[in-house]
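Shared chain: chain A. Partners: chain B in the first complex, chain C in the second.
Right after this comes the complex of A and B.
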């Protein structure tokens, strides 16, 4: 691409705005035309004058881009006013990229799904052309200064409304994405969502939202749980999506447990799936299934506690070598433990050892939970919406996940959590400062394992059967990947990572054969280009970019304000 | 007593296989302190490379004994070595070198990614190479006249020829390795780098080249092990690297990681222990279903109680 000096960029600004704005409007208008001759491709873009849901998204995107291009002409951004704190130009550029990318993906998907480019109708070509023009205009715009929307003062009511709107948008997006059956349509939507998020990020909206969220933390957390709680009502009895959602929660809960060990204490555990397995097998053996080997069925709350305890005992056992082993060696020890667990579960079948787990057949026919008379297998109708079996488990897991998050965040902020971080940063120094490193490491293993065991207890009932081959090394690698991908040491990041790793394979079944191949590549690329994960823990980020002075200052500043916020009285610190 | 010697021979040949792979772990670890988690896959790729060479030679099945032993077998080994070394150097360049200054977790996670990627790559794409069979299931490894299926007797003890091949290969490779490390310039540069990389660099040693050499040597030996594995078990599949790799790592640790002689000793000891455990532990826990458990238990015990390994002169303490 040719380079354009900043002076000529200034000269081009007004024409670029007008051209970009017109192109965005044209792109938005293109949804009134048919995009695809074949109604089966994507979500039926074959109507004239009646856009499909995905086309409506494109319409909204075009409108957003048009506003970003044209509004500054009217507002004339000035120093010191909010109009100058918004990064109009950079955002317009990214919106234009998305305006171009969307029809590109759509054209490819239509050509692939309907058999040839002949099926692409004028609307898509018009959108593509408009996208090219808008992108050129966006490149010609001078780059905006860094957005500073967090400086905008907002009334608390508006802040809360913004949080509510954001959560609502999130719920809508999740429901819409899950409802897309066609793989091409899902990819198109994912591209749209990524483009929109990038645009808003460049605009500075997230900086502003972060301020709103920080000022209303409780509201944010409550809203998040309300949205998650409301999710089953949007599915109208459809069980497929509820099952995926429950699996995401189970996976996320386990990943949070692993996050204590890997993210907070910095001990790499490659056999973590064994704890989930221990919980699941314990729960299965005590479930009263016809294949269970122990004829005692305690109430479920007790089963959960027993499963967690068994898992955490195993955690203590696996964690005990940390007294003498650290670093890569510990990773291999945990990997060996994980393999031993799987092989042992396989062998306790009555012929190679005592019969506990039925060997490789596992324990099938696990009955549904019955919690104080509430049958989890039954279907209920609440507010006229059918709530099926998986929705019941979804709510149970949501409750458990909430507990896990509370435990995680409180531990993280406590003396124990600071001890953990100290061990992660420098174990010798931590020990010299009087941190009981061994006890804290054991505690991390036991706590993480307990959480995973609890998740496993629910998983056994949700899955109906438990077999040893569900608990192979690859699953441990997936858990680790969720933590690494999302951001070690963070709650939000790990949940996002777990969602991505569970949801994408379910929705993109056409490449299920390439799933692991891409997974391997993903790990390599993450380590190469963004080792701190999608949502970075600041201190972590610094570890991975040790030479970045600017980042160091930024993080220091944030940590100082953070501590000033939580410990306003310096004398209160011991 | 015959039974004991029989198991001993079995264990030694199994151990020789582990030892050949273990050298790769130990050489790389000695120089860059990286557990090359993907090394098991390098071994697997070597076996597939040898198989592909056999197909390129026209899938010969009726060659005479001399032709099989002196043309086919060396050609297959060479083919495997070329493929393994190429893949190992590529992964080093693309996945590990950029992370050399990163925190320790990063290269290990990257290595796990490489491991999964290589397995899947072979599973999905090996069959697309013209002339190659579909690799989603195990592929029968070509039989080499005079080795595959052949055996001889010493008293009551049966010695399989693939076992002899593995042990001979180990002896030859160890001698070659000893010569390479102690008598060549690159080898001595390796020793220097493993002792003190910074000083080595100041003395004009190209550390990047030394690291590449370490990866290449390890990969070459792993490819030989791949051929030995194919001859021994009669088939190869894309999953074979994981367990063998883990066992070989156990062997490397057992002998003292970073110590080449240790890797050889560790491999032999591990093979013998595994073999004897399945025959001399009484009751249900002595069945072959538990042999991997005993191997891993040994790994854990060594790591906890003697992390420097059997021959470890080097005390490893790293966080």
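Right after this comes the complex of A and C.
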């Protein structure tokens, strides 16, 4: 792309705004035309004059872009005034990119799904053309200063309303995305969502929302759980989505356990799935299934505790000899441990030793839970909405996840959490400050394993059967990827990471052959552009404070003089 | 060994007070190298003791022997009449805390959190207390926060409580390390080159800080290269050369001892094999 000097950008500004605004309006209007000749493609975009839900999203985006282009002409944003708190131009640019990207994905998807570009109708071509023009106009606009919407003083009531609106939008987006059956449509929607998020980020909306959220943390947490709780009501008995959602929660709970070990203490564990497996097998053996090898069925709350305890004992077992090694060595030992677990479960079939797991057949036919007559396997009708089997497990898992989050945050914000992070930062210094590093590492292993074991106890009932081949190394790798992708040491980040890593493969099944490739690329890009993960740890986030930046510069200078004056012994402690 | 003649043990200013630390004939051998050879040292309460010596004299190694990082090959270290346990974290519990020559803060934690880690060994909250936010957790958390803020104020960092320690200026990092060590409620504080890389202004501030720590009733053992700093500060100075105590005594005595001058800058006479002393 050619580079344009800032002077000529100034000169082009007004024409670029008008052209961009018109192009955005044209793009929005294109949804009135048919995009696809074939109604089967992209959840039907073949109507003239009646946009599909996805096209309505595009319409809204076009309208937003038009506002971003045209409104500043009237407002004339000046430095220092509220009109400059929004990064109009950068946001317009990102909206235009999305206006272009959306029809590009749509055209490709229609061509692939319906068989040839001949199926692409004029509407899509018009949108594509308008998107190109809008993008060019967006590139011509001068770059705006950083958005400063977070400086707006907001009334507490409005803050809470904003949180509610944000959560509502999140729920709507999740329900809409899960409702898309067509893989191309899902991809299109994912692209739209990514573009919209980037646009709003540039607008400064997220900065403002973050301030609102920080001021009302409890409200935020309550709203998030309310949204999650309300989710089954939007599905009206659709079991497929509820099963995916429950799996996401189980995966997320396990990832939170791993987050203690990896994110807080900084120990690399590559065999973590074994603890989920230990919990699942324990729960299965005690479930009262016809194939269970122990004829004792304790109440479920007790099963959960036993499963967690078994897993954490396993954690202690593997931890006590291996935590004396660190870094790569620990990774290799835990990797081997994960495999040993799977192979052991495969061989505990009674042919050579006790029969615990029925070998590779595993334990099928695990009965549904029953709490005081509330049968988890049955379909219930609540407030006129059908609540299916998986929705029951979803709620149970949601409750357990809430408890796990409480355990995680309370530990993190205590003396123990500080000790853990100190070990991650500098183990020798931690020991020299009186921290019992070995005991704390062991505690991290045991606690993390306990949480995974608890998740496994629910998983056994949700899945109906437990077999050793579910607990392969790849699953451990995915757990680790969820933690790293989402943001080590955070709750929200890890849950988002878990959602992405569990949801994408379910929705993009046609892509399943390439999903490892996709995730590999995703991780590489994350490490390059945002190594701290989607959500940065609070401690790491502090780096972005303005005062800290000044301090950081000072430190730089100091270090330069320090090295110039005094050359310390590079080996330090000898 | 025979050169390590103690000059004025009995006249030590701290002799009227309680004996805090007593190291007897400590030897640390790495393979064929005797990094520390038969070093004996006494420190009394309220005393500031300096440890000087050219590079490679074994000062930090001796420190590590005291703090449990190394287990001495032979010799014994007694702290308040009891032998020191050979584990750093147990040594801290006994009441001996240290700073490091090359700053070793927890870089991604805030200044306050760094100091609160120092409180770890004086608190007892366990996982159950923390998970259920039981009274003990809340009380200890409150106390640890208050005490840590107090210590941050003591070293002059109260404004930077919520700053990540890695974003602090160099001199502040040194002071934060001292605050973290003080948080362990030590009776004896070991400072490993606390003014390395500081400008004269900061060095004076560090001096002032060390005096204020002494006034709290702590004993301090300090390794330093800055001679003016050491002789301003210390009641007694040990000079370590090639792992052995060359001279011990009040600052003026050590300062003017020809052997010390020789160890640092060599002899003006014909250089014999001893000329390699400060290798």
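The rule we apply is simple: the second predicted complex is superposed on the first by the 522 of 574 C-alpha atoms of A that agree within 3 Å, B and C clash if a C-alpha of one lies under 4 Å from a C-alpha of the other, contacts with A are read in each partner's own complex, and residues count from 1 in each chain.
Note that contacts are C-beta pairs under 8 Å (C-beta built on N, C-alpha and C of every residue); 3 or more make two chains touch, one makes a residue touch a chain.
Not measured: the values here are computed from a predicted model.
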Partner chain in contact with A:31 - chain B first, chain C second, else both or neither: neither
Touching partner for A:521 - first (chain B), second (chain C), both, neither: first
Partner chain in contact with A:442 - chain B first, chain C second, else both or neither: neither
Touching partner for A:484 - first (chain B), second (chain C), both, neither: first
Chain B versus chain C as contact partner of A:418, first or second or both or neither: second
Contacts of A:430 with chain B and chain C, given as first, second, both or neither: second
Partner chain(s) touched by A:137 [first = chain B, second = chain C, both, neither]: neither
On chain A, the residue positions that both chain B and chain C contact, one per complex: 426, 428, 543
Of all residues in chain A, those that touch chain B in their complex: 262, 266, 268, 270, 321, 324-329, 331-333, 335-337, 339-340, 343-344, 346-347, 351-354, 426-428, 473-474, 477, 480, 484, 513-514, 516-517, 519-524, 526-528, 531, 543-544, 546
Touching residues on chain A, where the partner in the complex is chain C: 406-407, 410-411, 414-419, 421-422, 424-426, 428-437, 443, 447, 537, 539-540, 542-543, 547-548, 551-552, 554-555, 558-559, 561-562, 565-566, 568-569, 572-574
For the chain B and chain A complex, residues of the former touching the latter: 33, 35, 94-95, 98-99, 101-110, 112-121, 124, 242, 246, 249-250, 253, 284-285, 287, 289-290, 292-293, 296-297, 299-300, 303-305, 307, 316-319
Residue ranges of chain C in contact with chain A within the complex: 35, 55, 60-61, 64, 67, 69, 88-89, 92-93, 97-98, 100-102, 104-110, 113, 116-123, 125-127, 129-133, 137, 140-141, 144, 160, 162-164, 166-171, 180-181, 184, 196-197, 199
